[in-house]
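What follows are several structures.
Both of the next two complexes hold subunit A, though its partner changes from subunit B to subunit C.
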Partner chain A sequence: MSKGNLTRRGVLKTGAVAGAGLALPTYLSAQDSGFTNAPSGATVTLGFNVPQSGPYADEGADELRAYELAVDHLNGTGADNGMLETFKYADGSGTVLKGSGVLGKKVEFVTGDTQTKSDAARASAKSMIEKDGAIMITGGSSSGVAVAVQALCQEAGVIFMAGLTHANDTTGKDKRANGFRHFFNSYMSGAALAPILAAQYGSDRKAYHLTADYNWGYTTEEAIRSSTEAMGWETVGTVLTPLTQTDFSSYITPVLQSDADVLVLNHYGGNMVNSLTNAVQFGLRDRMVNGKKFEIVVPLYSELMARGAGSNIAGILGSQNWDWKLENQLGAKYSGTNAFVQSFGTKYGFPPSQAAHTCYVQTLLYADAVERAGSFAPCAVVDALEGFSFDGMGNGPTLYRGEDHQCFKDVIVVRGKENPENEFDLVEIVEVTPVEQVTYAPDHPQFAGGALGSCNNGA
Partner chain B sequence: MDAIILQILNGLDKGSAYALIALGLTLIFGTLGVVNFAHGALFMIGAFCAVTLSRLLSLSHEVAVPGSVDFLGNPQMRDVPYIYEIFGESLGAGIIDWAVPLSILFAIPVMIAIGVIMERGLIKHFYKRPHADQILVTFGLAIVLQEIIKYYYGANPIPTPAPSAFIGSFDFGALIGFEAGQIIYPYWRLVYFAFAAVIIGAVFAFLQFTTFGMVVRAGMADRETVGLLGINIDKRFTIMFGLAAAVAGLAGVMYTPINSPNYHMGMDFLVLSFVVVVVGGMGSLPGAVLAGFLLGILESFASMREVIAIIPGINQVIIYLVAIIILLTRPRGLMGRKGVMED
Partner chain C sequence: MFGLDKKDASLLLIVAVLVAFAPFFLNPFPEGSAMAQFNAGYPDLMQRFVIFGIFAIGFNILFGLTGYLSFGHAAFLGVGSYAAVWMFKLLSMNVIPAIILAVIVAGIFALIIGYVSLRRSGIYFSILTLAFAQMSFALAYSVLTPITGGETGLQLALNDPRILSAATTGGNIPVPALFGFEMRSSTQWAVGDWLFTFNVGYYFAAIIMLCSFYLSIRIFRSPFGMMLRAIKSNQQRLNYTGLNSRPYTLAAFVISGMYAGLAGGLMASMDPLAGAERMFWTASGEVVLMTILGGVGTLIGPVLGAGLIKYMENIISKINSDILHTWFAFLPDGLEDVVVTLIYPFIGKGWHLTLGIVFMLVVIFLPGGLVEGGQRVSRLFGRKKKAHDPKNATTEPAE
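Here is the complex of A and B:
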């Protein structure tokens, strides 16, 4: 009689392995799996990819402050709850976020340095995804970076919540299913600014554009040109300026020789500070042409740029995604603004920039979508964000459009203040252009080409 | 015609900055034989001398504004500079207004000290090393210096305006017989050009007409022989390094009202200034000045819309294109001397 190989030890081993095998599916479903960096412990990691070095380091620092504040609020460890108190759904009910983490997991974060260079930004995002297990990447201060990182996140199967990116391409020809943009875009700047420019400066104007030689510059020039030409303005000249240009005098003097009576500076950051400073030095603001006062327009404003330009920014019109004075000046429609300003101001001692605002809001929107979806899986988050309407985040009623993952909300037209009281009071709100005036069809020519594709859960 | 005159003025203005930086670079190369990639950083530090003095003069204490609150609902505070209390409000405001020109006095000793410390502390150890080593170490130093400035002053440009008397434009056209308002040019840019001319003249006069300058020129021609005559040429060359640093620093101080200074401004000028030095001829002081103005003017003309319409993108490459042409036809540059950097 053969005893075979059956032993007590063997039975125990086999039993243990079989038991573990049978238990595995339950374990996996309980831990939310089947996608890149599915969180398995008590924490979930977000990746904040902001410029920590290079020319936009100050803007990146402000973004990072906002992200840290958002994490405090999500975990319930802040001095207050910030926008969690004001964040509402379309039906008027409040957010499901309660300051107890996201899906019961404590939110942690890692940071990367984009250096405002596409390759560096991709490398830091990749490292945060692969080494740190980041489930979502957010941040940035440039459209070139946003487009590059968005494509990377699509391939890797994580969500990308864009920071400050204004080029049409981010949600136009370069849009991706895993990417979402809360910030406004060049088209919206044009649509918001043109009626106010016509109202303030008249519809018989001759505009001269100086445009930064990269994708944001092109889309901004195109947007402002088409919007202002539709209002009756004539474009008498457009010149591309190298991104590395510091002294714009040789680009400004031809403006003096032309019969233009408006100069549009499609520049951002240091380019804008320098070109505006040079334009003012050459007396453009004191000039009379065609019987009209010469005017300068800066389509995209930022508080940091205004600070860099100093008194030269006074009286210059431009557009913004948000301003910290909105709720105080224009009422409860922009609720959430004061809650955020209070939280941010108490923690850091000064009001937040629009870059900080968009980053803070993006983090809360992501967390809320995860809660509503009941899963960190990117495709579930995409479903929860597409067509999502919300309010109480500082911009009034807002829609995350499903077709292109672009947020639609009011746009603020601002002007450099003549006599600022302090360095945080450099712009004044001129008017708010309602969302209907800045909304466009998903197949609008300025956003043509490219496809959202389908969401990617990754591994 | 007026467009051409304006672009010449622009070119002279740009050329002033190139020439001043290139002059310092050439002085250091000619005396010490060092290719100093940290020279742009010295220009940037000069600009930040103006920022620092402007901030020092504006040091303030806060006073509550009655009946006014800030964004958090706390009493609104207003900054009152201490200088108002020392000199009275109008004189105090006047001193703050003139912070940039006053910074010249502040920058000269600071820049000479930085130059001497840089030379004695680091660069002297690389005299006998290959140029590649010198470039690497000075480039590294430039990055360190700009990161230090960024740490203390941030990455954002800092507005540092000219005195209010120099804000606005001058009707240059009316002066040379054009219609009023046809050729207007900012006052401060004219001041910058005049300042650059004075500094360049002073450096040449110093080298040409003083005994110290004569020894330095002799040392540049034949260091060994001058040393054998019992003259401590090393000490003089250290002083020249300090002077070159001061020239770059003063160029930076006076540049601040033209473009708000930021930590990166030195790097923006560095590459162009090297092109200027090479085009002018390594080691040639008049060559550096000539090439600075020449390339500044060419760059301005290449930025004209009419020129870009004929040759798109010429504004981005003109300086390098001209450099290639000059080096092909005159391999030693415009005024280069035989034997310099040819070993």
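Here is the complex of A and C:
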């Protein structure tokens, strides 16, 4: 019968093609270069995977600005050289980067939108790796995304330089050999904040935590709790709030009824803006409990959030990875800050956020590691970055620890300004916690349960 | 053959050929050319085409045949993904057990949700399924974090047991494979400036998609399918004739949920991570869009709709203003800026806007979806067809 013939042929055809597709890869998949997306032409492609839509779109836009600036500086096409002038190794010599590309190749980039969703971020990173031939992926403004993309990069055999990600898990239980984080983490926030909280508010406080109901919230709450309890504080309540919550009134009322005299808001982004605004509207800041003034603490501060919360942030303590006023106020130890702020300001007309800073630094660190290693191969880059000490990148002397690929550097404790002069100068630096105080053992309980594995060069 | 009439057999054949040669005609532009931006022939996107094709085919069995609009279908996709990743963590990296468990778990889940939701029809049914899906999402996102990984998603780890296969390969997590064929391994074939990529995972998913498509044709043409259509056209009349329609709708719901679980299991096999966002209501809405865009109640429509939406999501969304400026660089400076400003809202993160416009145009001018468009074109150019076309009978406007 004719229809029988028709379909048999179709089946044969499909079978033959599919069979060929299944059989071919075994002997063709290995490339000559020995690693994924080895750059063969005169250019090398980096993938900038940032949130361009969704709750962290502001951070994403600032990260992208920083990446474009870093590419300008790496290619020597910018108005100046930014941190390439100040970037120094532990022995005091300057970086090997000369502003003439990386290993003689011009740096190009592709961008993608993570939408702050792990699935979308992985799809976007995959298309950069598979379609655009990106040799390194960087960016992101959420730990969930960072962890998801880091695992993908490990599988695919490319380097991942994390952007803004603060949860312990990124370099804790979900750490990967191909992933690196420059940004600080929840533990460091807790360790940096606790002594200052004790000094400012006394050591017999009762704290009430409102925590965003996802991984970053959990690790931050744990870190702040354990650090403050070690100082003598008592935790009287912890409540999880949904990430999508926009009105926190119903969560603030129980705080008024408890005998807590400190409210810790383990929130970020829009959550933090809303919860803090609600808390201030409820008059928490004017309350007196147990004869002490009621205080609010926000463990992870960001300029962009401060802008959103407006005058409500006045007098509220928090921690930051970096601030653009650092070098002006605390001197040459934090060199690089002014160089970066200046070239960012020249290009865009306003000072960079800490998200922009960490992304810029990560790009330069990657390029420098490639140059020192003399190869784009991920394993060579991992070797060059592990245990790498550097200075002049705005945070003072910094170490990329080999055991967990986390950067160790000073942490800044900031307070919202009472009378900000302009919309970019909303926080004042209270103190800088030296790196020794925020350093922990790689097997610290808050970071336990993961393994780096070994570096992966991919196909 | 296979119990199909000639028309269905040729449709299946066309789909098989399209799927088999997709790496070629999804990459029509040479590498390095300005149009290479529009190439879609890279493994991740091709896998997505067929996987979401399966999802939409399954959804169409429920929505296209019975008319029950489920607004929570993504929950089954998510449950399937979680089940598959757990199999990778506990049993082995072979994709077969993972996919089987994904289908079973999604089926059980669909049975429970369907049993409750199908007590109502119409908008109440839609809202019930939506509520269940959002509940599942919320559970996966926070309450069940130990099982689902919460916001980070469920991932493989080096210290997973994987009792049937090696837990690690060379210090790294092994990748999902089918008896040694790694899902991610690809072969590239350069022909002149063209570069074609053949991916194991894609062909594996494609074969499963063809089987699902075949099964869906059989369901459409079976007495069971006829009964489902009767429910769509007038459920009350059916009840008055003494038939209990609930078992039929429940069966359709479970089958459709199992298709979604299959798609979820395949997604996890291609990329071993399951995130809660997969279950979010927008993901459920997406499959409704795919089905309506392609043509509700048609066989091939949902697959086309899935392809169109995934193409736009992955290709249009990656065009940024720099790329636009290079395209229109030939125009005088002022004019270039104007053109770029006009187009910019519709590309990049504005791809949803483009999708919305396309969707509106399709619903208004082609109520039968892309399939109706294809039929109109073929009627315009083709010879006069016989008046009665069985497939035309099934193209009805979306509710």
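Going forward, the second predicted complex is superposed on the first by the 427 of 459 C-alpha atoms of A that agree within 3 Å, B and C clash if a C-alpha of one lies under 4 Å from a C-alpha of the other, contacts with A are read in each partner's own complex, and residues count from 1 in each chain.
One rule holds in what follows: contacts are C-beta pairs under 8 Å (C-beta built on N, C-alpha and C of every residue); 3 or more make two chains touch, one makes a residue touch a chain.
This structure is a prediction, so every number in the text was calculated from the model and none was measured.
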| item | value |
| --- | --- |
| Touched partner set for A:P242, first subunit B, second subunit C, both or neither | both |
| Partner chain(s) touched by A:V298 [first = subunit B, second = subunit C, both, neither] | neither |
| Contacts of A:V411 with subunit B and subunit C, given as first, second, both or neither | neither |
| Superposed model, subunit A: greater residue contact from subunit B or subunit C | C |
| Partner chain(s) touched by A:T277 [first = subunit B, second = subunit C, both, neither] | first |
| Partner chain in contact with A:L326 - subunit B first, subunit C second, else both or neither | neither |
| Partner chain in contact with A:T111 - subunit B first, subunit C second, else both or neither | second |
| Partner chain(s) touched by A:I159 [first = subunit B, second = subunit C, both, neither] | neither |
| Touched partner set for A:R307, first subunit B, second subunit C, both or neither | first |
| Intersection of subunit A interface sets (partners subunit B, subunit C) | 53, 213, 240, 242 |
| In the complex with subunit C, residue positions of subunit A that touch it | 1-4, 6-11, 13-14, 17-18, 20-22, 24-26, 28-29, 52-53, 110-113, 117-120, 122-124, 126-127, 130-131, 142-144, 147-148, 151-152, 154-156, 169, 173-174, 177, 213-216, 218, 240, 242-243, 449-451, 453-454, 456, 459 |
| Subunit A-facing residues of subunit C, complex | 1-2, 4-6, 9-10, 12-13, 16-17, 19-21, 39, 42-45, 48, 138, 141-142, 145, 150-153, 155-159, 168, 170-173, 175, 181-182, 184-188, 197-200, 202-204, 206-207, 210, 271, 273, 275, 277-278, 314, 317-318, 320, 348-349 |
| Subunit B residues touching subunit A - in the complex, by the definition given at the top | 2-3, 6-7, 10-11, 13-14, 71-72, 76, 78, 150, 154-159, 161, 167-169, 184-186, 188-189, 258-260, 262, 264-265, 268-269, 299-301, 303-305, 308, 315-316 |
| Subunit A - residues contacting subunit B, complex | 53-58, 213, 237, 239-242, 244, 246-247, 249-251, 253-254, 256-257, 270, 273-274, 277-278, 281-283, 286, 304, 307-312, 324-325, 341-342, 345-346, 351, 421, 424 |
